[in-house]
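The structures considered in this document are given below.
Shared between the two complexes below is subunit A, which has subunit B as its partner in the first and subunit C in the second.
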Partner chain A sequence: MTKENSSLTPKKVPSIYPSRTKKQVTFIFLVILGIYLFSMYWTQREMVGGIGGALGNMYTVIEKFFPPNFAVLPALLDPMIQTIQMAIIATTVAAILTIPLAILSAQNVTTFKPIYYVTKTFLNLLRTIPDLVLAVIFVGLFGIGLFPGILALVIFSLGILAKLVGETIESVDMNPLEAMRASGGNPLQVIWYALVPQVLPQYTSLVLYVFEINIRASVVLGYVGAGGIGLILNQQLGFYNYPNAMAIIIVIFVVVIIIEYISNKLREALI
Partner chain B sequence: MIEFKDVNLVYPNGTQGLKNVNVKINDGEFVVIVGLSGAGKSTFIRSINRLVTPTSGSLLIDDEDILKFHGKDLRKLRTKTGMIFQNYNLVKRSNVLKNVLAGRLGHTGTLRSILNLYSKEDISLAYRSLQRVNIDEKIYNRADELSGGQQQRVSIARVLTQQPKYILADEPVASLDPPTSHQVMTYLRKVNKEDNITTIVNLHFIDMAMEYADRIIGMRAGEVVFDGPVSEVSERTFEEIYGRSIREDDMRGGANES
Partner chain C sequence: MENLILPPKPKNSLFKKIKVIVITILVIALYLWTFTSIDIDWGRAIERALNNFQRVIPRLFSPDWSAAGEVALSMLETVFIAFAGSLMAALLSVPLAFLAANNMMGKYLSVIGKWILSAVRAFPDLILAILFVVAVGPNAFAGVLAIAIGSTGMLGKMFSEIIESIDMQVVEAMQANGANKIQILFYAVMPQIIPEFLSYAIYRFEVDIRASSILGIVGAGGIGTMIIFASNNRNWNEMGMILLAIIVVVTIIDFASSKIRNKIV
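This part shows the complex of A and B:
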């Protein structure tokens, strides 16, 4: 009996991970912990007043914002619609431009390497420029208004959307594509018949997701002169008219929540 | 007529897929290619519609050397050779009729096919093909709602709609259970006889090869090691092709159940 038991538990039980991996992970963990501790120490030195000062300020700031002045609501309708329009137009244009870029940046469909690398690099470059910077540049080029805002949003969302859709394309089942090729279809037919049905639900869902991001981003872009409700918010804050600003903030909050709710429901229905 | 002349294929990683293959397949034949996995069966079949390209020799189909084909020529060749796959390769999210109509892609202009503007003849041909494999009541079901055997029948209907001169079937029953396997092979055999379509099937089940083939080609390590009518084949022949004695898992069984 004892003999059987000892054969079941060998002298050396292997651990789940090799000891080298264990050492590496421990080392990386310690380094990151060190960085955290150091930055905590550093930021505390910068914050002279400490957290107590911030809490005191918060009270005075919040007091100024209340009560919000809802009398301005009718005047907010137009700029709010402008903001939503900006997001809709920008998302639509980006959704169309994404299709060729996403296909060309998917390694499994674009087998010709140079094109793949060029598109991939182009998309990476697009994503390195923050949307605010784009808006500032375009406002400088085209003047204050909706157009520079739309342009900034198109480029900003194209970077995200093309990358995400491209990665979706890279994960599709390649077998149907092979079958279409084997039955004599040309590349466009192969893409339309075997690829599009596989990525369409994810594509639609991603477009809705980018639309949500664009609504929020277009508010911020208004701040630098790209039209819409952000522009009004910036003006009111500039005039120190805090009750008006608070009303605007609440309107934005409600609209963003409603739009996210609708697009979430739509996406649930799709997948 | 398909004619392999000294065909060799070396994959980029150095594996020899085909080695000095010389085979002539006549019109209307039902040929089964047997061999262990990795023997070059798939490479042989995929050379015929150029999903892979042999590195030397010549491969004549209807007296044309298809190894020189590019672009349009290649698509025309593929229109002539229908293919059936182990994993059915249907578009799972599309409905059955649309999957079957995809067989017409090579015959249809790009714009027409994208806008779904198929001619009445094409659509009725697709429907008749589905009737021939007894799955016409499922035309509006999504492909992923069907069982494996049903999906393989849809893929046979897709090939029929293509109206090919040759059918290439790459392990068509490897993912199916014995009764369904026999059903699928029976349909392939029926199509071969009724439409006089030359059919080449890859199998690794000995009993199925014996039951359905006119002619058996045995492959080992990229070489054709046996080629002859099914009447000349015995268990001994298979032992030579496989290079080992026959085991139970070389048999599919279930012939009487279907």
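This part shows the complex of A and C:
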């Protein structure tokens, strides 16, 4: 059987991919591998003992960090609450500021091109600056405290939120808007009665998503002096008090998981 | 006149009304609690801002070009950290994604995989960097490990969602023809998932460039090391240069990555 069948097909089965694609893919693969190997060499050149020594150290780390000292838990309550409050305030302010920016950066509502391009470029620039860099600058400006942290979170989340909401606005059904315009609605009426009902569920869901991001960002902001639980973590690590630091890390982990769970359930209910 | 049969009016039941009222009260209570208990020393913040404004803002906008070489070198290191980290993450998250996808492994394994991924996701990158700095010392490799583990959580979730969304009829057809598991993997699953996997991995590289630029704050290499020095020395001209380097590199990589991703998918 097999012999007869194989005689029907040519000896060498031609590949389904053209040889040019194959060459291209091989080339790209080699380039990626090359950059990867070079990056690994570059990032490890200052390391004492190489990767083998590092893996051996992992055990020492576990020894240092465990068991976590949960006696510090009561002292962590206040900074943790502060951290969450920072995220709540920052998300709220960003959610309000994002509305005009999102509308201006949506191509289908802002038909005047120059404004659209300016807003879009501004948002792209805003998103390139990491949150902690913003926090460092604001701490330099306003001094150590919660306020620079909140400001950094607002600006950081504004860039993400305005982009996501803007994209949501761009994907709405334009027919209701046109109908409103045709029956003589002014721009504000068009936005309020035709756009808002379509965007509101997604908007709320995105705000909750950004709240999750802000919670995760705010736990580390204290590291540069911008308030919250990161400040305590930085202090404890500075004293080489690893069991306390581990307790803080575990608290952060648990809080992030709980808030993400609640936010996920809320978002599922919304959409 | 005959009775017209009208469609039933939407019921605004008591339960629904109570639900709305309870949610509103909860949200208002949350805000009252937040805004009354947070303590911000407005007087001091404004006073500091007025004093510092001249010292900080104009100098941020006049970058110190003499530091350009050093900044470029650390930015290059940041790119290397992000590249090695996201490639490692892309490789690590493939098996985890198959574990977490509910159409590949059993139901229970999928739940376990999902839990692993969300547990990994809950650690902020910087916290991971702190742990790895203690483990491998304050160098760029700690940053690579932090990025690799930090991205695995998110990439694994994205990958598993892609696997869950594939066309299972192809897999069934191959099963019916008697293909073994490995053949199914290579000829039915892989062709469907590879373009999107690549696209998400490249997107994650974009995100990781941003993430790795701050890891140096805890000693994990890259440009973050310079950020913390510049901020401690109040050297805002150098900070301006660093900011410029981050903005330029991130913009270029975002642009290149979105072009490549458009081509792949």
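Quick note on the criterion: the second predicted complex is superposed on the first by the 220 of 271 C-alpha atoms of A that agree within 3 Å, B and C clash if a C-alpha of one lies under 4 Å from a C-alpha of the other, contacts with A are read in each partner's own complex, and residues count from 1 in each chain.
By definition in this document, a contact is a pair of C-beta atoms (placed from the backbone, for glycine too) under 8 Å apart; a residue touches a chain by one contact, two chains touch by 3 or more.
All of these numbers come straight from a predicted model, not from anything done at the bench.
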**Message:** For A:178 in the superposed arrangement: first (subunit B), second (subunit C), both or neither?
**Reply:** first
**Item:** First, second, both or neither for A:141, with subunit B first and subunit C second
**Value:** second
**Item:** subunit A residues touched by each partner, larger count belonging to subunit B or subunit C
**Value:** C
**Request:** Mind working out whether A:192 is in touch with subunit B, subunit C, both or neither, as first, second, both or neither?
**Result:** first
**Asked** Can A:219 be said to touch subunit B (first), subunit C (second), both, or neither?
**Response** second
**Prompt:** Once the shared chain is lined up, is A:132 touching subunit B (first), subunit C (second), both, or neither of them?
**Reply:** second
**Asked** Common interface residues of subunit A with subunit B and subunit C?
**Response** none
**Fill in**
The residues of subunit C that touch subunit A in their complex are 30-31, 34-35, 37-42, 44-45, 48-49, 52-53, 56-57, 60, 77, 80-81, 83-84, 87, 118-119, 121-124, 126-127, 130-131, 134-137, 139-141, 143-144, 210-211, 213-214, 217-218, 221, 224, 227-228, 231, 234, 236, 239, 242-243, 246-247, 250-251, 254
**Request:** Would you tell me which residues of subunit A are touching subunit C in their complex?
**Result:** 32, 35-36, 38-40, 42-44, 46-48, 51, 54, 57-58, 60-61, 64-65, 81-82, 85-86, 88-89, 92, 124-125, 128-133, 136-137, 139-143, 145-148, 150, 216-217, 219-220, 223-224, 233, 237, 242, 245, 249, 252-253, 256-257, 260
**Prompt:** What residues on subunit B touch subunit A, complex-wise?
**Reply:** 49, 51, 75-83, 85, 87, 89-94, 98, 102-103, 105-108, 110, 113-114, 155, 158-159, 162
**Touching residues (chain side subunit A, partner subunit B) in the complex** = 173, 175-176, 178-186, 188-189, 192-194, 197-198, 200-201
